[in-house]
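Two complexes follow with chain A in common, the first pairing it with chain B and the second with chain C.
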Partner chain A sequence: MANTNETIVTHKTSLWPPFLAITAGSLGIALTFLSSGQFMLGIAILFSYLILLILFIVQETSTQKVKAEEERPYPRHFFMWIFLASEVLFFGLLIGVSFIIRLRSTAWADLAQLLIELFGFNFQKSGRIPPVWPNASDVLNIPLTAVNTFILILSSVTMVKAVESIEKDYKQGLRNFLFFTAILGAVFLVIQLFEYYNLFTSGFTPDSNLFGATFYLQTGFHGAHVFLGIIMVFFIALKAHKGGYSKLNYSGVEAVGLYWHFVDLVWIMLFTIIYLI
Partner chain B sequence: MNTDTREKNRPTNEVFIALAVLTLLEFLISYLDQILGQNLILPSLLGIAIVKAGLVAAFFMGILYEKNRRDIVLIVFIFPAVIALIIAVIPLFG
Partner chain C sequence: MTLLTETTSNRSTVNQILAIIGTTNHKTIGLLYLVFSILNFLIAGLFALLIRIELFLPGPTIVSSSTYAELFSLHGTAMIFLVAMPMAAGFANYYIPTLIGAKDLYWPRWNNAAFFLLIPAGLFIYLSFLDVGWTAYPPLSTIYTSSAVELWVAGIILIGVSSMAGGLNFVLTILTMRKPGLGWRSLDLFTWSIFITAIIQIIANPILTTGVVLLELDRLIIANTASTQGIFFASVSGSSPVLWQHIFWAYSHPAVYIMVLPAMGITSYLISMFAHDGDPKHVFGYTSMVIALGVIAFLGTFVWGHHLFTVGLGSQVNIFFMAGTFIIAVPSGIKTFNWLFTLYGGRIKFETPMLFALGFLFGFTLGGITGVFLNVVPLDLILHDTVFVVGHFHLIAIGGIVSTFFGILYYLYPEATGKMYNKKWANLHFWFWTVGSMMTFGAIEMAGLNGFPRRYFDYRPDAFWIMIWNQIATIGAILMAIGVLIMAINLIQSYLKGELAGKNPFNFGYQTDRNTA
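Right, the complex of A and B next:
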């Protein structure tokens, strides 16, 4: 607990996370333009998003005096939470729509029939033939991905340890654990790319079937989030190396930690939904 | 002024062990689909995944130690997830 004679100030209000959330929302518009053939417009929006992301990182890693934390009715890192809410909506839609597509397929005929009887769902509304849905274990390397899941969970642990280190003003610990977090995240991505390579060479591509399309869509977007997370960890590690954090000022580490854990949380759900069931 | 009131002695190692064990359990259960059947496998694996996600959110993200934890869970997780579910399900009506 905090020393009664010492006020630990850890919160810095920033408008960037909600700003990024709004920009991330425009990512959907960019994808719409790209998919409809208006490449220049789509790329311009994506480019704007990347610039804003870099500005956010620069702002978060810049050394500035943190104002004392005041009594406030909202949680710490309020805008980061709002940003994460937009991410829940984003991944919720990805997973939800993929789930519904799967319910229309040959995979879960019994469950689909149950939902038709209970809620009156119409899975054959479009009149199309139910898509073929292969067994995940026949296509995907589940043991390898289970190990990869373990690696991402481990990276969350090192991120927690990083925050705990700076809470105790143990700066070398912060640097070490941020380094391990970035390395574990990179290992996760390398294994995912290795998996993609093997799947592509064996003929399983996004064009193969709807399972392929939803698989690459969900894991690809998650991988992009891990990649962005590694960049964020890299930048706060850089700032930590310059002595930019102390037990009185580490809100940037906490904010990136929240994002990192959220990415881990999403993968926990994706691993079960895509690979195991 | 508002001092930092969060719990400093978080059970990080214990949560990590729980997550590792649950991941292993999920992995093993997924191979029992012929024995357990789809109707049992699906809720079991989803249940374990939700417990794991809950552990990450509660302990690693620190929601358990936040004063406004109920609001965070509702606004950040439940509300957007329900909206996403509704949007995903809408085309199935009618």
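Right, the complex of A and C next:
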């Protein structure tokens, strides 16, 4: 059947996507270095790829014209919901894994016994060594993290205010609140790194026991998400500064806002499960 | 291909190549996907052929046992991640926007990136020389292997990103970019199947990504600390290797449906096209077909435990997974009967694409029924880890999924290249392929019933029946290889010297929008 050329003419070529996609191969090289003991080299490769990615985002935000609203119909930030659905599964699995390991450990022996009696699900199989699961309050600095949680919740509030401002076409408010959000997120990350530093110096590392492994895994991935969120907020703030958003066109802010609230929500769950329960 | 060169005529060679690499046109990207997956199909198929030739005679014949382990591991990984998934994505890229009347996908540039992520991923998967099976069970994959599992992990993560981007793209395209008046109830079944597949991709992908990250952390802990067993999948720390099996199959069972649902959609499309004179929406029981797709996708995410019947999860858990798996047979049966009733009373054109679609019905039914056997827990305890499982899976995957992919490839060929393939040779390909695959995998199932374990390099010369079934399987595999060779020669030859296809190469009477477009 005949190929219509009219669709072909409208397509623009761009070498950025294939270039970034192929250089994503640096991930494999980095992992090889990491597991052959050259830790810093692996990290360096990963970070140089991240810088390349940020350069791409800068180029995209500064050159690509925003398409007219009718070309992108109703679910303007719907993709973020679908993406978050997959993120829910990602964190759900991480939390689930640590939950099941914890059921096997000595910490929750009563609960595990109850599960056997009620449903017949036996997590603590005989002949298997139950994992060491220290009391969270013995190892972690809970008051510090409580403050940190408050900071992250505050950043969610400023994000809501940012979306509210642009709904009323108050552009100065959008810029200010996005700025506050990014700052609060950064403060959260700095406090988390400080906490990690303290824990490492006191000898609590990922390979000390399964509690340590799952702790660093969950909080570490959450931290990576916050880091990504800060980059996203930074770029929409950049665009807002150039006057890229208006009352009619602010779906980018809404999408980033959804992501930010999601990360916040995940933290509240992690805080409850790891630190409090 | 014409489409590739037409885009870029009147330019220098370098610019033409750059224009193809940087393309955002869904048809060109679709063809890139197809070329990529066909190349990988030839490589991974060659691995399979070597495996079969090795098993033709007892004793080591052409490869060593360690090479054999690499062959079956890479064959499995490559066939699933680099052949079946990209091929479905290729056909979807090529057809979905035209079927729903959209100009392109929602994010054309993401679409391009999703394809090019596959290239480093493929490179890593081959370079890893994985020898622990495509399932990479720890502690085999964490402690006892010298192959570069890191590279395999990197490949899997990149493929995860790629299929995530692709899946999001298709969901958004189908949700928002349908032409006015094209409601959900008038979508064709191919679009429906891609929509549902994309949703499973989005839901299931993070599970595998999490799993391989944990596996990699285990390997990093072993490499960089004093720990000798890792921590997440090691029994010394109190965790357990069974955790990986849960995570892996919670992804890999839905992944089977990621492969089979597009094939079902394509089969519906081809059968209604060739049985009803070019009408893609003339299917029996349209509503039940859509509901069956949805039910298969939904149930498919909850039944991974039937891969773990012999692990010892407890009888309650096993019964739960067994019941769930049995229920999946119901929508699959509904679909099969609906295809048969679509054929009933139609004016069937036995062109090559139609033959392959009928081959799908055949392979899918046989493979599906052997799957029902395997799902019976007491029987599975006997048949688990024999080649019966391999035969069951390949009957569906090769006899079914790949068959229907060949069908749509022959259907797409005149449209994409403007030339007609040689019909006699194409039909010969069909017969070699179908007879060969039934022979191979039927014989493999028989070898499994005789107790031949999977992934074994050798068998005793006095195991007479195992030897006979293995030899029949090898002869079948050679027939399949001849069929693929015929296809390759036919497609290249027709592209160079074939006759022009014209606007309606299959002489359909019913002209839909997309036939005339």
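As a convention for this text, the second predicted complex is superposed on the first by the 197 of 277 C-alpha atoms of A that agree within 3 Å, B and C clash if a C-alpha of one lies under 4 Å from a C-alpha of the other, contacts with A are read in each partner's own complex, and residues count from 1 in each chain.
Basically, a residue touches a chain if its C-beta (ideal position, glycine included) is under 8 Å from a C-beta of that chain, and two chains touch if they have at least 3 such contacts.
The model shown is predicted, which means the values in this text are computed figures rather than measured ones.
Judged by the touch definition given at the top, the superposed model places A:Ile100 against both chain B and chain C. Of the two partner chains placed around the shared chain by superposition, neither chain B nor chain C is touched by A:Ile231. With both structures placed on the common chain, the touch criterion links A:Leu31 to chain C but leaves chain B unconnected.
When both complexes are overlaid on chain A, the residue A:Gly120 reaches chain B and chain C alike. In the superposition on chain A, contact of A:Leu46 is made with neither chain B nor chain C. Of the two partner chains, chain B is the only one touched by A:Ala146; chain C is not.
Contacts of A:Asp207 after superposition: chain C is touched, whereas chain B is not reached. In the superposition on chain A, A:Leu89 makes contact with both chain B and chain C.
Of the residues of chain A, those at positions 1-2, 7-8, 10, 72, 74-75, 82, 85-86, 89, 93, 97, 100, 120-122 touch chain B in one of the two structures and chain C in the other.
The touching residues of chain C, counted against chain A in their complex, run 2-3, 6-7, 18-19, 21-25, 27, 103-104, 106, 108-110, 112-117, 119-121, 123-124, 148, 150-151, 153-155, 157-158, 161-162, 164, 168, 171-172, 175-177, 202-207, 209-211, 214, 216-217, 219-221, 223-227, 231-232, 235-240, 243, 247, 314, 316-317, 414-415, 418, 503-505, 514-517. Put simply, chain A touches chain B in their complex at residues 1-2, 7-8, 10, 68-72, 74-76, 81-82, 84-86, 88-89, 92-93, 95-97, 99-100, 108, 110-111, 120-123, 125, 137, 142-143, 146, 149-150, 153-154, 156-157, 159-161, 164, 167, 257-258, 261-262, 264-265, 268-269, 271-273, 275-277. If you check the complex, the residues on chain A that touch chain C are 1-5, 7-8, 10-18, 20-22, 24-25, 27-28, 31-32, 34-37, 39, 72-75, 78-79, 82-83, 85-87, 89-90, 93-94, 97, 100-101, 104-105, 119-122, 128-132, 206-207, 209-210, 213, 217. Residues of chain B touching chain A in their complex: 1-5, 8, 10, 12-13, 16, 19-20, 23-24, 26-27, 29-30, 38-39, 41-42, 45-46, 48-49, 52-53, 56-57, 59-61, 66-68, 71-72, 75-77, 79-81, 83-85, 87-89, 91-94.
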